[in-house]
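Shared between the two complexes below is subunit A, which has subunit B as its partner in the first and subunit C in the second.
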Partner chain A sequence: MQIISWRAVLHDMLLYRRLIALQIRAQLQYKINVLIDIGTYLAVTVLEFGALLLFFGPFPSLLGWKIGEVALLAAIMSISFGFAEMAGAGIDNFSDTIRRGEFDRVLLRPVGAFTQVIGSDFRLRRLGRITQGTIAFVIALRLLPNLHWTAAKLLILPISIISGAVIFISILLLGATLCFWTVETTELTNMLTYGGREMLSYPITIYSQTLQRFFLFVVPIAFGSYVPTCYILERPLPFGIPSSVAFAAPLVALVFALVAGIVWSFGVNRYQSTGS
Partner chain B sequence: MLRFYFEVARTAYRRQLIYRWANLAGLLTNIFFGAIFSYVIIALYHARPVVTGYNVQDALRYTWLVQAMIMVVLPFSWFDLMLTIRSGEVVTDLSKPCDFYWYWFSREVGRNVYYVFFRFLPTYLAGALLFSFGLPGDWHSWLAYGLAFPLGAMTGITYRFLYNVIAFWIVEARAMVTLASVVALFFTGSYVPLPFFPAWLRAIADWLPFNGLMNIPVEIVLGKLNGNMLWLAYSRQIFWLIVLTLIVRGMTLLASRRVVVQGG
Partner chain C sequence: MTLMIEAEDLCKKFRVTRRRSGLLGGLRSVVNPEVRIVPAVNDLALKVERGEIIGLIGPNGAGKSTTIKMMTGILTPTSGRVYVAGLVPMRQRRELASRIGVVFGQRTQLWWDLPLLDSLHLLRHLYRVPEERYNANLKRLRLMLDLDEFIHTPVRQLSLGQRMRGDLAAALLHDPELLYLDEPTIGLDVVAKARIREFLLSLNAEHETTILLTTHDMDDVEMLCPRMIIIDHGRKLYDGSVAEIRARFGGERMLIAVLDAAEVAALPRGDDGQPRLPSLPPGVRQVQADGPRLWLSFGSAGSSTMPAHELVAWLGTRYRLHDVTCQEPEIEDIIRRIYEEGLLLKNL
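Up next is the complex of A and B:
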């Protein structure tokens, strides 16, 4: 039983790779367009980041966080979110798939529905945000000349960026599941993704305790940005959580993704198609 | 003819009434983002009580006024006109026995009136309740705002029209639309209030058309612009409104001369 399911997973992953390669090749047919899109997205996100830095003109710090520290936090968040946006585009579009009745066709094919949905889109232009995040990261490092790097701190970067992206994609999946009943993408999903990104580009201690708990324990976006940033900056976490919890990010992401996956398959089984 | 434009505006207003749930969702989004910015501002003010004459309450009011006005003045990703150009529907609008520009202008005025009632007021109210910052200013500044807000909203319409009409020349201009909206939002204070800008950037922002969209009306209602400053602010708004209207009308004229309908 175990062996068969692993084989299915491997098969789906290979298929996913082919679907993505297809998407990328299709988008590269219009090279100028892709470049303009990436450039525009880069400009938009750079402006957002610039705005964040501007706050530190008149104000010396944000609840004890200096400009470089907030910049580092925002940079990690941007990169992580950028990957999620790039890979999760197919899930983000899911309401269209449902509305057009295309999901019926998806279900008829002998491949997992999730693989097809996530493989249906891959937005190269999101490279714009990832580029911005990288630039922001370099700026943050310039602003933090005394930051002491260790091997563990370097390791935490990729771990948390990937975990954060997985958590964001899981939120998208939960939102897509809602579409089975509501057809429309709900603003609720957007608030958790775009809103969550915006909120967690700042230290979560500026929010109420309820919100802090929410982003740590319920929808654990903080594990992709705030928690690792605190580890790198050697700052204490709220509620007396030990800072080494940053290494648990993959586990947290996995559990959250599992929950999202269970909810999703529940939705798929209940799906009754749209139309008249 | 005026009666016709009035009816166009009224129809646009009534069309908006249908999208109740979409508006509610948008309202929640505005409130949500307003709340995030408020938390940031409150935390920043822990370090310093007053910045360029703005205390924390002023800054909160500024944020929520901008957040409330966005849908009226600078709706994000407004493609309505661009889509008619791309689909060719624009031809029917161009051949209507009325002025193409004023037709769209009236439509947007109707839409704006809707958003004043169903977005601007509830957003500000929600903010005032959540963060209890009440109503700013006295009746003088509200009266002055009553002129500045419509001026900003009308400039917003011309600006919207401007970046959409580009589609006559460039078919796929969505990226440009996004950038145009974001640049305008940035320079009218919806990311960072203009009073927080460093002096050199503020000097640039003051002379841009975006200043009059939201920053000037908000600064007026907060009672920050008085006497000569107030008249200068109005002049800036009116100047840009006239200039943008002329540019847009010129472009429409050019476009309608060279428009070729694709069909089949």
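Up next is the complex of A and C:
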């Protein structure tokens, strides 16, 4: 593996900012279009959230979780996932990039493939889900009037939202890597991203222990939503894990992203030897 | 002079898994895939010197793209060696990328929804071109390629010719030493083609940029490339000048002479009832006649038979010559015969 040069990393980050700025500018050429897109997406995600709350009509609690607590969990999940969808759109579309032969162009430029791929799209319409998450967060706070906030709890919010987004983007990257072998991989990735988001909008203790372990230790999506929510609600974690592990979310996300990155560069090498 | 590209025994073999048909076949393909090895490039040797313009031609699927991909570091060769600008493309791909420019005629690298200028500006950052050099290059390219009339227009609204000019500018902002062009004139009208060719010639003359282009348009090769390479079935069939290939395979040239109508009418008739010029010089044959117009075929350029100007003089002293035109054998025809009849294969 190559030695990380901080100057190169800085350059790539500045470049990413420029690529994204350009994407945003291009999308804002059609302002009304973007607003309608965001509005539609907001409506769809609000409906999803409403369906989740409807569960609490007949049943007052879910394994001891009350409506406000599940709303908080779902809100954090929505915001985190919304950011991942917005920033990871270029990775999500990677199968198109391959199919259209545009990946050759990526390799012809003196910039890392990952920076170019993630910088190739930035989906403003995903602001709809982030807005829904924010609304859901406010509703959750109204439903939880006795929630005691501390500085640590406030700090855990941005930390886990960003970590969760990084984990989701890493899943997208793993899915994109599969495109080097076969182009029909979108369903597999969707299962982990959309499926994972859907499942983890509920407390993971409702699932089997295998699934709980999977979402905590294998594909650690729980670190972006369930773990920090338990920390905020002062609930115990399964398997006797201390709740302060919530602060390890960035580390967990980093390790997962690193694994995804290694697999990705393996895929790029494979592309270069097969040309397909 | 130093070598810009040096390739030896370059080979690329692709593993192609064939899918069997049907459900059971599909399952069998997963367990026991039927793998065929398809050679795309075979023992290719190539030396290109700095400042050359080279045309790489060959029918579709001949291995041109594979060759270019190996020379840019996109594709790993199965075996053999290749150096471009002194670098090993595969191992030093990103370093090489900042020293070469690539234009695909059928695919743009510009951002579709953005004005051309925004794309160029972004490429400056992608290639880390220092601001001063960027400004100087942009100014020069705007002038040479006449970009000003559409530099603020979104790329999707540009005509194909304009887009091509934009793509050329995009590939040249970082002063590449080597420019690969994949079908740079495909789909363009005559004026746009001429303009692109003119630009490439002056780029090569002023900046000594080495240019390697693939094309199906033999006019590109004739007007741009003193040297051309013909590839087919992954092998190099020919490496030399256009004139030489014409001399070797072009066969005969044609002189069309327009004589005085009365004079032609007085000529003796041949077996077909057409007027015939008697006692033509050796190597010259009359092929056809139509009114005062006579078609005379004579030796190919560089052969030992009578050169064109002597044939014209010969006619002029004997007849009242109104007009002459000389037809070179069409290079398109020659190339087609090379592909179809495998004219060069026996040289291997």
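Quick note on the criterion: the second predicted complex is superposed on the first by the 266 of 276 C-alpha atoms of A that agree within 3 Å, B and C clash if a C-alpha of one lies under 4 Å from a C-alpha of the other, contacts with A are read in each partner's own complex, and residues count from 1 in each chain.
We adopt the following convention: a contact is a pair of C-beta atoms (placed from the backbone, for glycine too) under 8 Å apart; a residue touches a chain by one contact, two chains touch by 3 or more.
Not measured: the values here are computed from a predicted model.
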Original post:
Does the subunit A-based superposition show subunit B and subunit C clashing or fitting?
Top reply: fit
Original post:
Once both structures sit on top of one another, what is the angle subunit B-subunit A-subunit C taken between CA centres, to the nearest 10 degrees?
Top reply: 90
Original post:
After superposition on the shared chain, which partner residues are touched by A:Leu54: those of subunit B (first), subunit C (second), both, or neither?
Top reply: first
**OP:** Examine A:Arg105 and indicate which partner it touches, taking first as subunit B and second as subunit C; both and neither are also allowed.
**Re:** second
Subject >> Superposed model, subunit A: greater residue contact from subunit B or subunit C >> reply: B
**OP:** Return first, second, both or neither, reflecting whether A:Leu19 touches subunit B, subunit C, both chains, or no partner chain.
**Re:** second
Subject >> Partner chain in contact with A:Glu198 - subunit B first, subunit C second, else both or neither >> reply: first
**OP:** Check whether A:Leu62 is in contact with subunit B, with subunit C, with both or with neither, and answer first, second, both or neither.
**Re:** first
Subject >> Contacts of A:Leu258 with subunit B and subunit C, given as first, second, both or neither >> reply: neither
**OP:** Determine, under the contact definition given at the top, whether A:His11 touches first (subunit B), second (subunit C), both, or neither.
**Re:** second
Original post:
subunit B and subunit C, closest CA-CA distance after overlay, in Å?
Top reply: 9
**OP:** Enumerate the contact residues on subunit B facing subunit A in the complex.
**Re:** 25-26, 28-29, 32-33, 36, 39-40, 42-48, 51-52, 172, 175-176, 178-179, 182-183, 186, 191-192, 196-198, 201
Original post:
Can you list the subunit A residues touching subunit B in their complex?
Top reply: 33, 36-37, 39-41, 43-44, 47-48, 50-51, 54-55, 57-63, 186-187, 190-191, 195, 198-199, 202, 206-207
Original post:
Can you name the residues of subunit C that touch subunit A in the complex?
Top reply: 14-15, 66, 69, 72-76, 90, 93-95, 97-98, 100, 102, 104, 107, 109, 111, 113-114, 118, 122, 125-128
Original post:
If you look only at subunit A, which of its residues touch subunit C in the complex?
Top reply: 11, 14-15, 18-19, 22, 25-26, 29, 101-102, 104-105, 107-112, 116, 272-275
